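Quick heads-up: structures coming right below.
Heads up, the next two complexes both have chain A, just with different partners, chain B and then chain C.
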Partner chain A sequence: MIAYLTNLAALAAIFGILASTLNVAVGYAGIFSVAHAVFFGVGAYAGAQIALVLVPDALLAMLVAGLISGALSLCLALPALRVRGEYFVAASLGLQMMATTLFSEWKSVTGGIGGLTGIPRPHVFGVEVGTLPLALAALGLILLATAALMRGAFGRTLRSIRDAESAAEALGKNVAAAKALAVAFACAGAGVAGALFALHMQFVNVESFNLDQSVLIMAMVIIGGTGTLLGPLVGAVILLSLPAGLAFLPFIPATEVGAVQQMVYGLAMTLLMIFRPAGLVGDLSRGKSMA
Partner chain B sequence: MLFVQLLLQGLQVGAIYALTAAGFALIFGATRIFHFAHGSSFALAGYVFIFAMQAGWPWWMGGLAATLTATLFGIGVFWFVYRPIQRHEGSFFTVFVAAFGVGIVVQNLIGMTAGRGFASVDTPLSRAVEVLPDVFLAQVFWVAVGVAAILFAALTLFLTRHNAGVALRALHQNPDLLRAYGLSSTRLSLLAFALGSALAAPAAMVTAMTSGMNEAIGHQVMLISMAATIVGGVGSLRGAALAGLMLGVAESVALNFVDTQWAEAVSFLVLFAFIIFRPSGIFGIAQAR
Partner chain C sequence: MSAPVLVCEGLSRSFGGVKAVAGVSLALPAGQVTALVGPNGAGKTTVFNLITGNLRADAGSAMLRGRSIMGLKPHQVARMGVARSFQDLRLFTHMSVRDNVQSATETSAWFWQPGGAAARRAREAATEEALARTGLTDLAEARAIDLAYAERKFLSMARILAARAGIWLLDEPASGLDLASRLRFGALLKEARAQGVAICLIEHNLDVVTELADRIAFLDQGQVLAEGEPQAILKDPKLAAIYFGDRGEAA
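Then we have the complex of A and B:
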């Protein structure tokens, strides 16, 4: 039972990182990316390869994963600078679909559909550690960084871009740089989460980095509340405990638990958008004026 | 000869894409709603058709039931999901997330009731015959291409000659002016949803007769329709249909050079390139945003 709870807590921390970094793009900068799982995947493969080929050092794996994902975030920043709204969602969907194909076909690096197995347990400076403290530390650091960044001038610039891009530009804000930075921060965070995920699961394959996963992360942010610090965490915990909770309900046949869970969260997304578009934590006056 | 075979196959797939894309473009163009549950209309119509055929109904009754299902579903989603969101001035993304939720629910409902995996209808139409040396063609090819051409011609006539069609185009250009002239934008939106969703039904029936349906197909169809709409240029039905046809052919012909798994990625590569280099699409007017 303890092991089960530790596992769930570590996953919650990892998905908390994913949701809160996506929130920087979605909630603060108004960049509606549906490709967050791509960078999660890039980080996971990078981290796994480091642990498999070089040393199973968690810090190194997280650093490299964050750097690679952050650099590749250019693929997302480019369309974000060119187009907005529906067009950007479409672009990120396109990126997600291409990446899924790449993940399952580039077998020498990703192991294809079979994935990468036997990833060693994480070490820090030669000492084996559990993933839970690592993930919690990373989550804490990222939340701190987010809070600090968003309270400062950078956060104000981002929010002004989200609410009125032309006005922000007219006031002399460097819109392109701010957007690119926000996307890079979000993607690097996803990369770190990916490395943690690989070290935690000791196995990764493309299933964890497809469109469904991107939408799940998006749902965590939306259900929790965009543009708030706590919202994405709440969303991550709720959506992660959903399958566990449903598994204990006796009247659902075991084979259908996955489908029922999917339906519950699909329904939750739709109903929340109709009745409470700002999410569970977000305040009601916001969310109406977005985009 | 492989090339000709792939080209023909691409045309058949492209005709299906063109129909769904035209429906999506019609809805998006007129109402500015990014109807991400459009693929669900497609999937529902396909499964209703399969069930009807399995129950031994004549094909036209199955087709009617499928079309009715798609139309009602489209209208229902507009009425119960999009309209309440628009009433409190929800952003496009609110609409997108809600529609995605609907798509997930429908996909899993289908998975639970119809079973997972491929389901298809076996008809004499889908039996392939050799028309040229090494080139096989089933009669359903002519059905797909013919139906797409006829429906498209009818739709163009409707949009240019009929009052309601002209009003739909006006809704796209200036909704405020339209209301000032005393026309109901809600009623016209309903019409757009009904027509656009109905267009998905024949495409779904052809798919059910050829490659078959699975519960996740709505997703895939939706993504292709969206890609075609953007590549073709938003607001241009002609563009969406042409782009749909093109994407179908591109996917199929790409098989000549790369493995099957990459075929889908080709469409999205085209989409991605268009968004970066020419966001207004083939026929689109330069976007003001």
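Then we have the complex of A and C:
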């Protein structure tokens, strides 16, 4: 039971990082990306390869994974961010689909559909450590950095772009650069989460980095509360505990848990958008119709 | 009259077959208020959009203190000292009043602003001064979306004040204001004019224009039909006929 809970907690911390970083793009900058799992995947493969080929050093794996994911997102964000709103959603959807194909086909790096197996357990300075403390530490650092950035000028810039992009431009803000930076920060975080995920699971394949995963991360942000520091974390914990919780309910057959889970997600999202459009932790007056 | 800070010559822009702006020339001197007056659809806001880089001109030039600003992006034009307001305000609705204003002082898109603590204090001082001058200090923590209409208008002005720009392009800044607010707005504008700001405003309320404008440029169908002292322009019966929509009589 302890092992089970530790595993769940480590996954919650990893998905907490994913949801918190996506929230920087979605909640603060208003950039709706449904490709967050792509950068999670890039980080996971990068981290796994570092551990497999070089050393199973968790810090090195997280650093390299974060850098690669962040840099790659910048290359993609700069052209993609020229389009606004729903067009960016479509562009990110296209990216997600391309990446899923690439992850399944680029066998030398990703191991194809079968994925990468036998990833060694994480070490820090040569000593084997559990993923939970690593993930919690990374989550804590990312939350601190996010809080500091969002309270300051950069957060104001992103929120101003979210609320009125043309007015932000008219006040001298380079909107494209600020958005690209927000995306790079978010995707670097996803890369760090990916490396942790690879070291934690000791196995990665494309299944964890597809569109379903991107939608799940987005759901965590929206359910928890966009534009809040702790909302995405709450969303991540709830959506990860849900399948576990449902599995314990005696009247749901084990084979049906997946279907019930989808129904509960859907129902929860719909009810939430009606009664708490800004999410569980979000500001109550946000998102509601003014009529 | 001092030398113009911003000089536009022959600005033109068509949308499909429609000439929205056709050869507009305009000069904005420091310390003067120029009003763009004309019927709806005359091309007034389009002129602003051409100056600020929100629209590309098909032809013509715009020089800011002798430097061309044609082809620059809106944020680059803004950084050169051109501030604008929008008819629909475009406030940062879910941010506090103070954050709205402070955001106008922060132009770097980087994770932090340049200049260290001294620059930060200067930005904060500019924010507080803009809040005080627009009477918004007591509402600084309220969200923009929760403000009454007149306060929203003043918040839009506070952002411009905090940006410390030398040129203001104001799109119907006094529309919908009650008399008391209009007087406050007038005082704000006169103060800026006295400080040497070159102001151009689009305004439909001719009382406001008479009270505040030093010069009027009368626009119709994308062209400047007349330019001069307010009294002379507003008394011209032909222009009045165009303005009030009676083209048959004007022709």
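One rule holds in what follows: the second predicted complex is superposed on the first by the 283 of 291 C-alpha atoms of A that agree within 3 Å, B and C clash if a C-alpha of one lies under 4 Å from a C-alpha of the other, contacts with A are read in each partner's own complex, and residues count from 1 in each chain.
By definition in this document, a residue touches a chain if its C-beta (ideal position, glycine included) is under 8 Å from a C-beta of that chain, and two chains touch if they have at least 3 such contacts.
Please read all numbers here as calculations on a predicted model, not as lab measurements.
K.L.:
Classify the contacts of A:167 with the two partner chains as first (chain B alone), second (chain C alone), both, or neither.
P.N.:
The second partner, chain C, only.
K.L.:
Taking the superposition on A as described, I'd like to know which of chain B and chain C A:24 touches: first, second, both or neither.
P.N.:
After superposition on chain A, A:24 lies in contact with neither partner.
K.L.:
Of the partners chain B and chain C, which touch A:149 in the superposed model: first, second, both, neither?
P.N.:
A:149 contacts chain C only, not chain B.
K.L.:
Based on the superposed arrangement, let me know which partner A:175 touches: chain B (first), chain C (second), both, or neither?
P.N.:
After superposing on A, A:175 lies in contact with chain C but is clear of chain B.
K.L.:
Give one of first, second, both or neither to describe whether A:159 is in contact with chain B, with chain C, with both, or with none.
P.N.:
second
K.L.:
Quick one: is A:91 in contact with chain B, with chain C, with both, or with neither? Answer first, second, both or neither.
P.N.:
first
K.L.:
On chain A, which partner touches more residues: chain B or chain C?
P.N.:
Of chain B and chain C, more residues of chain A lie in contact with B.
K.L.:
Going by the contact rule set out at the top, does A:13 touch chain B (first), chain C (second), both, or neither?
P.N.:
Neither chain B nor chain C is touched by A:13.
K.L.:
Provide the residue numbers of chain B that touch chain A in the complex, in ascending order.
P.N.:
28, 34, 81, 84-85, 88-105, 107-109, 111-112, 219, 223, 226-227, 230, 259, 261-262, 264-265, 268-269, 271-272, 275-276, 279, 287, 289
K.L.:
Across the complex, what residues on chain A touch chain C?
P.N.:
149, 152-154, 156-157, 159-160, 162-164, 166-175, 177-178, 181, 227, 283, 285-286
K.L.:
Which stretch or stretches of chain A touch chain B in the complex?
P.N.:
32, 78-79, 82-91, 93-95, 97-98, 101-102, 104-105, 211, 215, 218-219, 222, 256, 259-260, 262-263, 265-271, 273-274, 277, 287-291
K.L.:
Where on chain C does chain A make contact in their complex?
P.N.:
So the residues of chain C in touch with chain A come to 52, 54, 73-75, 78-79, 83-84, 86, 90-95, 99-100, 102-104, 106-113, 145, 159, 163.
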